Each structure stands twice: as structure tokens, then as C-alpha cells.
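In what comes next, chain A is part of two complexes: it sits with chain B in the first one and with chain C in the second one.
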Partner chain A sequence: MNALGRRSLLQAAPFIGPFLLLYVGLLIYPLIDGLALSFHRADPFGGRAFAGLENYARLASDPVFGQALGNTFKYAVLVVPVLTAITLALALALNKPGRTASVFRGLFFSSSVLSVTIITLIWRFVLTPDAGLLAEAWEAGGREPVPFLSQPDLALLAVAVATIWWSIGLPMMLFLAGLQQIPEDIFEAAALDRANRWTTFRRITLPSLRRTVVLVVMLQTAAQLQLFGQAQLLTAGGPGGASRPVVLFIYETAFTRWELGYASAIAQVLFVLILAVTLLQFRAGTSRREP
Partner chain B sequence: MASLELIEVRKAYGAATVLDGVSLSMETREFLAFLGPSGSGKSTLLRVIAGLETADGGEVRLGGRRIDQLPPGDRGVAMVFQHYALYPHMSVRDNMAFGLRNAGVAKGEIGRRVLEAARVLEIEPELDRKPAQLSGGQRQRVAIGRAIVKQPQLFLLDEPLSNLDAALRMRTRVQLAELRNRVDAAFIMVTHDQAEAMTLADRVAVIHDRRIQQVGPPMEIYARPANVWVARFVGSPAMNVAPVELLDGESGRASVRLGDGSQVDTRVPRAGLAGAGPLQIGLRAESVRVTGAGAGTTDARVELVERLGDRTLVYARLSDGQALTGEDRGASRVQAGDIVGLHMEGAAAHLFAPDGSGRHPVESTA
Partner chain C sequence: MKGLADRHRLTPLALAGLSLAALVMVAPLLWTVALSLKSNAELMRDSGTAFSAPYTLENYRAILQGSQVFSWLLNSLIVSLGTTLGVLALCSLAGYGFARLEFPGRRALFVLVLLGLAVPEQAVILPRHQLFADLGLHNSYPGLILPGLAAPFGVFFMAQYFRGIPRELDEAALLDGASRWTLFWKVLLPLTWPAQATLGVFTFLASWNDYWWPLISATRSDRFTLTVGLASSQMNYAQTSGLGYLMAQAVFAALPILIVYALFQKQIVGAMAGAAAR
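Presenting the complex of A and B:
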């Protein structure tokens, strides 16, 4: 490095330093330590013994992990396409000037500012079989209320629905931003080219939003593979683990069974999975480029 | 047969009226320019014809058919947008074919028309490229190609040359002129550039203040402007306009006196001007020749000199403070601060009645 480069680095240090310290201390170090921990048998009380690949071997044959992994992918598959479609539709409907549209934009975004605790509380009021909103509706219709949260095939669905409701805000805003980037005159050109609404959407709007769609799907997939709070608070992963996602499994392993090494190993696997899925989506979303 | 007919077209945005009873009739294969400053309503009028805006009143007819209630695609018009509005994710070929596919034209016919247009516009090598890979001039030609393949009755061009650099603008101007000779359709071009309007158009519609101020061949608008506004808007530098007093006289022609007392004998008929109210004289710079002091109609003090090479523009002020622009030969030695004579060519002078309407010299070479 030449003298000039050294001097400018020295000048920059006070500005970068504090952040770098926090970043390394709170992110890089735990990341590496987590990886190291996954090769150990460890508990929070100081016990730490090297175990090689034992944790990973155990993981491969753990049926609870298998179930949690399956649930996690179910969440992603249930939530991401539906969420993308709903938020795109909302953005299309609300992408117009005027007070009504802006009020509705605010309304649909409002769920995003609530914490996961509030969200689960609200959905409990809706879903609980005794005096819940849906239960009342069911009973008014003269039918037995459905125990959404304690029926194995419905619990996961209930968590997914709550998640969609909670997550609408950001993708809708991304789509609105994407829509506003499309110049008005190409829609006018399409009108002169006799394109009807469906053709305009399919051949003009959607291709113009391609990057936004890729972004939304990537962000949401990464987010839903880490789904945790709603499942823990709404169903506690039950009944019988039917709605338990991987992150909840990590949490239980680490903080109720105190097996930190094993929990770290699960976390490493999830990390690699999320990375792989996201990269795949990115490749798929950007590969069809012009020659 | 008339091609396009506008009958009392009105358009308002809320309380702001932008088009106030515009009527116009075009011949088939005519090239018409809408000329006006920005905000004059000329683009709105084009968009009303295209169907991108709906008129609040009046009728738009094309080839005898009323089209103002039809959606844009069914009107038989094609538009070239100012910023081209090409579909960024489609190839050049698809950009041109899109409208034909939507109209259900047979596949072979689409291919034939696209290839023909690409050949004429010299964009064949670009057919499989995307708009982002093209230069500005190529994009412009694709936009024109997209209009041509539709074989419309009427082409609408919105400031088609404004995004091109000077050299390309000249070439595209020639191409547009060739295009109009080749296709069997009428053209409307919106522009704020009078040189474009004058060179390309058969007739120019000067639009200002929500109305068409005058429609006519370029030279007629230049030589016989309908009112003061058109007189000053068309031509560069702007026509000199100064208040005058009508002198008594027996002859049929009006003689007038300027504020500084100098007299100009015009060839404008006197009839109807006496007693009408305050008049204005209109003189183009080329009709105000710079002479030696005392040798012209009157003397003036030079304030600014613009040397254009082949001629020199002299901005001067009369003794009463009236500003006048005169012309001198290219090699003029006049300098700011000089006192010079101005010879006003009365035979070329226009008079404007109190309502602003123009009166023109008889026997003028229009």
C-alpha cells in the first residue's frame, strides 16, 4: 500500500471503526463461534467438549428435525406464492392517486408495524374455538366451531395465514414502488397497440416488474424459512410438532434442553439451506438476460 | 375527402380550460404541424385525437367516421411518442409486431410488414436487439417503424425530433419527409420549433391560449399573420410591433406615425381603420434596414449588435424609447451606442387593429 493509501485509511478509521467493532463483535464472531460450537457438545454452564461431526450425524437421523424441516418448507411454499400474488394484486389496485387509495395503502401496511406478539394475540381472538371470531361465525351458522390451533393439519395453515396477514406491507410497497417506475407512456403505447387489460398486464406490467418479483420472492423465502415467533406463540409448534418450524426447534434445543452444540449444528444447516435457496432463486430470476 | 376533422373540441382539467372550441379540417395525405409554445394545449389536442385523453365536448372524425368515443387502438391512428415509449423488455421485432398481434393480423403478414418497415428504416440488423442496446436515433426509427406497420390513416408525431442531436435531427427530418411521400396517410406533428414546422408541414396550425390562432401554409403564416401573437411567435427575430397613430389622407392606403414622429406609408388598405382605436404597426427586422444617421425614416440609438455572419441584427431604440430590431449587412461596422438611421419599408408593414387582428399590405408577395 502506498503512503497516500495508508494516510486515507488512517483518516477513515475513526468513522469506520465503531461500526466495524460492533459488526465483528455481534455478527462475525458469533457466526464463527457458532460454527465452532456445532462441532462440540456444549451447555450454557461452561461445559464444552469436542465432538467432531457427531452433532451433524445425529441431525441426519433425527425425526423431529426432519419434521421441522418439512414444516419450514411447507410454510415457505404456502406463504411466498400467495403473499406475492396478494401483494401484487393490492399494489395494482392501489397504484392510483387520490385519498381513498392512500388510506387503503396505509391500512394494508399497518399490520407490518405491529410486533409478532400483537399479531398472534389478534389471530388468537380470531381462531380460538371458544368465543373466537371464526368460532362465533361458525356457531351462528349452526355448526361446531373448528379448533384451528389444535388440529394437526390446520395448525400449520393457521400460522401461515397469520404470517401472510402480517407480511403484506413490505412487498406491497415494493410492488408499488416498482409500478411507479414504469413510464406512463408505454401503457399509452400499449393502448394504441390495442392491448386489452390482460395483455397489458401480462406483456407490459409483469415483465417490467420482473426484478421486483424476484426481489420479493427472495426476501420472503429467506424470511419464511426463518419463521419463528408466530409459530411459538400461536401453537407452540403443536399439536405434536405439526406446526414446528426449524428455528423453533433450534430454540427448544438450545434454551429448553440446553444442547448448544446440537442447536448450533441445526442453525448451520438452516443457514446453508437459506443461502442455497436464495442463490438458486437469484440465478433463476436473472438468467434470462438479453444476449 | 377530408381526413381528420375536429369540430368544436373542448377539454378542461377541473377549472382550467386547455382547449376551447378547436375546429380543424385536414386533407388526406396532408402534413400538418401543431406549432405553439409549451403549455399552449398542442400536446393535449394530439392526445385527444389519439384517444389518450377524452374530450369534454365536440367531435373528432377520421375518414368520415366519428372516433372520439372509440378506444385509442380502434381509431386508425398511430403515434410516435416524444420519448419513443418502446417496450423495454421486447426485441425490436416484438415492439413492432405487438400491435399487429393484438389486432389479430395473420402471422405471415406481421412478419412481412415488420421486415418491410425495418428495411425502409435501415434497422434490419437491430431486429433482435432490445431498445436499451440501441442508439437514440435507432430507437426513434423503431418508434416510427412501430407506427408504420399499423398502416394507419393518420400518424401522430409528438415532438419527434426534440430528443435528437442537431445532426441527427436534420437527417431524421429528411427521413420524415421521405416517409410522408411514401405512405398513404395524413400526418400531424406537434412541435415548438418553427423551423421544423415550416420545413416539414404543408400547413401549420399555430396554437396558443387554448385555441388555434391561425391555420395555413407556412409562408402565408409568415407573410400574413392573423394577429399580433402569431406575428411575434413566428419568425426570428420576433416582428417589431409598435403603437402608431393613423394619419389623415385621401389615398386608399394607410399612413401612420410612430411615437417619435416618423411617418410610414404602408400598403395596407385604409378602409375600416379610421376611428377604430389605437393601432399597432408590425415590421419584420428585414424590413427595417440600417442606414447612416439621417438617411433613413428616423434615427435610433443602437443598444445591441448580433453578428450572424450573413447579416447583422441591430437592436435599437427610437427617441421616444420604442425598441426596434433592424437588419444590416454581414460586414456591418455598427456598434452599440452609435446613432444610426433606420429605413422602414412601408410596403412590407402590417397593421394590427385594436383587437389584435392583422391587416396586410395588398400586392404583397405572399
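Presenting the complex of A and C:
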């Protein structure tokens, strides 16, 4: 390196050095170490024995992993379309000036600022059969309360509903921002052409929101693939693993059974999945498809 | 032109639908508050009593008269403020460096930082846990703060902002004999205040609500953050002193952030939407 290069590097070091040090030490190194860990049998005390592809082979035939992976897809399929539709509808209804719309916007966003542990506390006592709000309503109607959180076919759905309630704010705001970008004169032209509401929505609003829809679906899919706290705290993944997502499986494998190598292999698979979703939808967002 | 005027007003049908949706949003919150205002003994008999008086503040009194909830609140505050200040300092420096300085390897390093945006927490959390165990950092404030400082989003965000500031400012300051450091500190940094506010609010909120990392790093109850403390309260619910008390903890934990939200609604919404749409 020439003297000029060395001097400019010395000049830049105090600015980018501190961050880079932490970034490499606490993100890049763990990323590589995690990959290495997945090829080892490892215990929490630092003992590691090389195991080749053993963890991955085990993964392929582990029914518990298969179930957790299936559950994770179910969460994504249940939450993402419903959440996208609800938040788009809310944004369309609330894209208005004035106090009323503003109050509604603030209200629908408010749940997003709460932490997952507050959300689960609130929803546990909406859903439990012995003290829940829904149980009280059911009883008032003269019916037996439903044990939403402990019934195999309802537990996953219950966690999904709480998740939707929690996640409504951000996509709604993204859609509102997207709607603000559409020039008003297109709508004026449509009104002059006597286009009805449905036609206007289908021909103007929806195509203009294409990028926002892709963004919302991408963010939410990536978020639901990483669903963790809601399931851990509301159902503990049960009953019989019926609502256990992959991240909860990673957590249990690493921190209750202390199989760090195996847990790392699961984490790698999830990482690839999330990366694939991101890339897929990045492509969908950038390619222009003509109608 | 009826259709046009319509678009700026809430129709009765839309208003009815929105009110119903708002009720679904608010009912669980109101139920939580109602439960927190009932005596534990009464809830033990029948939780349906939460719909009617008498209400009491005894659960809140119990929290104020020395419970661990306070120390959890303090821990959360220290960790979130520490993370926020650290991120603002590190990312302003690095953002400026990448946006304005020329040095060998700049492009490659910036790409390396950008790649970090695609790394989910799950991919690094296990080896990070081992690393922090080796360094003896678990159950400490640095142990809870440091991982938040390694996130690449802020660098990308600040670099973008610095790039938007006209270079003429730099040239004028350098002509006046200012050093690189004075230029950064006295001329450019004050101009980035809006970006600092957005990044700060976003970082604080993310840190305040973080659950995964404090759950595995802070295992001693006096080191719990509010999120982990509340998680342990609800998991040990059978042994704790009652439903009303538990729900009072939820309300107590939710209040600070809801107050912050009420005060800074515009900034918070803007910060979260801005971070998502990066």
C-alpha cells in the first residue's frame, strides 16, 4: 500500500474502526462460528467434537423438527394474507385528513409498541377457559368455554390471532405511506371518467401499491418465520408440539436439552429459508411486470 | 364529482366497520385493566366480577411497595438508553466515514456491512451466547447492551443521511482551516439531528421490547429486563400472588412505553416505517 493509502486509512480508522470491531466480533464471527458449530457435537461448556453432517442427517429424519417446520409455514400462511388484507383495508379507510381518522390510526398502531411478553399476558387472559374474556362471553351466552390454548387444533390458530392483533400497526402505516405517494390527479381523472370505487381500486390504487404490497408480504413472512415469544409464552408449543414453531424448537434444543450443535444446524436451515424469502421477494419487487 | 368528495370523508359504513375493529383492538386492553383493578380474592372466586365494582388499587400498591418490577424497569431503562446512545455514536461515526472519507477497501467494507442486514438473529444468537459465556459477560449490563451495538442498520441509515448533505459545506469548512474532526463534530453532526432522532427512537423501542437475547443472557432475576421479568411472572403464575397482581404488572410495564408513544407518536411511527422501508 502506498503512503497516501496508508494515511487515508489512518484518517478513517477512528470513524469506522469502533463500529467495525464490534460488527466483526459480535456479528460476522458468530455467523461463521454458528456454521462451524452446526458440524459439531457441542455442549454448553465449550466442548466440541467434529461430527460432519450428522446434525443435518438427524434433522432430515426428526419428526419433531418436521412438525415445527410445518407449524412455522402454517403461521406464515395464516398470518401474512390476513394481516395484509386487514391492514390494506384499514389504510384505505383511514387515508383521510381530519381528527377521527387520526385517532383511529393511533389506536390501531398502539399494540405494536408493546413487547411480546405484555401481548401474551393480555391474550392469555382473553383466551384461557378459566378466567378469559372470551370464556366469560361464552358463559354469558350459556355455553361451555373453549380451551383455545390447550386444544391441538386451536392452539396454533390462537397464537396466530394474537400475532395479527400485535402486528397490525406497521403494515397499515406502510400502506398509508404508499397511498400518499399516488398523485391525486389520477383519481380525479378516474372520477371524471365515472369509474366506480371497485374499478378505481383495481385499476389505479392496487397497481400503484404493488411495491408496498411486496414489502409488507416480505417483512411479514420473514417475521412469522421467526415467530417465537408468542408461542413460548402462550402455549409453550403445545399441546403435543401442535403450535411449536422452529425458533422455539431451536431455543428448547439449545437451552433446555443443551444440544448446541444440533440447534445450530436447525438455525442454519431457518437462515437459508429466510434468505430465500428475502431474495424471492426482492426479485418480485424489482422486476416490472406490465399488465 | 360526488366520488371525489367522498374520498375525503368517512362514510357511515366505514365508520361502523372501523368502530367494530377498534373494539376488537381495545377490548383485550380494557379487560387487562379491569382485572388489574380487582382484588385477587374476588377474582379467585369468579373472574366475571371484573365487569363490575368494587374496584381497588391494592395490586398497584403492592407493586409500589417493593417488588422486583421496579428493578426490572430500571434494568430496561439502563440497557435501552445505553444501547441507544452507543448506536447513535458508533453509527454517526461510521456513517460519516463511509459517506465522506476515501480509503482503500471502503466499498468492500460497506458491502460487508450491508450483507449484515440480511442476517436474522437466529443465525448468530447461539454462538454469541457461547462467546459471551467465555467472556463472562452474561448477567451484566455490557452483556445486554453490546449485541445491540453490532447491528448494521444504523450505519447504512446514517451513511445515507450524510450523503444527502451537500459536499460544498465540507469544502468551505476545510478551506477555512477546519480539521476533519471539527468538520464532523461542529459542522455536519448538528445537521443530522432529524436522522439521530429517528434512529434513536427506533433503537430505543427495539431494545426496550427485545426478548430473545435478554431471556438467555440475563438468567438472574435481579438482572432481568422488564420483558424477561414479565415472562417469568406469567410462567410462574400458579405460585404468584394472584391474577389481579399479575395484570397490574402488565399494565405497569405497558404504561411507560404507551406514554412515550402518546407523546412521540409521529416520530415513532415515522421511525418504524422508515426502518422497514429501507
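Convention: the second predicted complex is superposed on the first by the 273 of 291 C-alpha atoms of A that agree within 3 Å, B and C clash if a C-alpha of one lies under 4 Å from a C-alpha of the other, contacts with A are read in each partner's own complex, and residues count from 1 in each chain.
Quick note on the criterion: a residue touches a chain if its C-beta (ideal position, glycine included) is under 8 Å from a C-beta of that chain, and two chains touch if they have at least 3 such contacts.
Source: prediction; values computed, not measured.
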item: A:Gly240 touches, of chain B and chain C: first, second, both or neither?; value: neither
item: First (chain B), second (chain C), both or neither touched by A:Pro152; value: neither
item: Touching partner for A:Thr120 - first (chain B), second (chain C), both, neither; value: second
item: First, second, both or neither for A:Arg210, with chain B first and chain C second; value: first
item: Touched partner set for A:Ala191, first chain B, second chain C, both or neither; value: both
item: Most chain A residues touched (candidates chain B, chain C); value: C
item: First, second, both or neither for A:Gln11, with chain B first and chain C second; value: second
item: Which of chain B and chain C A:Ala263 touches, first, second, both or neither; value: second
item: Set of chain A residues, in rising order, touched by both chain B and chain C; value: 188, 191, 196
item: Contact set on chain A toward chain C in their complex; value: 1, 5, 8-9, 11-12, 14-16, 18-20, 22-23, 25-31, 33-34, 37, 44, 46, 86, 90, 93-94, 96-98, 100-101, 104, 106-118, 120-126, 130-133, 136, 139, 165, 168-170, 173-174, 177, 187-188, 191, 196-197, 200, 215, 219, 222, 226, 228-229, 233, 247, 250-251, 254-255, 260, 263-264, 267-268, 270-271, 274-275, 278
item: Complex contacts: residues of chain A adjacent to chain B; value: 183, 185-186, 188-196, 199, 203-204, 207-208, 210, 290
item: Sites on chain B touched by chain A in the complex; value: 50-52, 71-74, 77-79, 81-83, 85-90, 98-99, 102-103, 129-130, 132-133, 146
item: Chain C residues touching chain A - in the complex, by the definition given at the top; value: 1, 3-4, 7-10, 14-15, 17-18, 21-22, 24-29, 31-32, 35, 43, 47-48, 51, 90-91, 93-94, 96-98, 101-106, 109, 112-113, 116, 118-131, 133-134, 146-147, 149-152, 155, 180, 184, 205, 208-209, 211-212, 216, 226-228, 230-231, 234-235, 243, 246-247, 249-250, 253-254, 257-258, 260-261, 265, 268-269, 272-273, 276-277
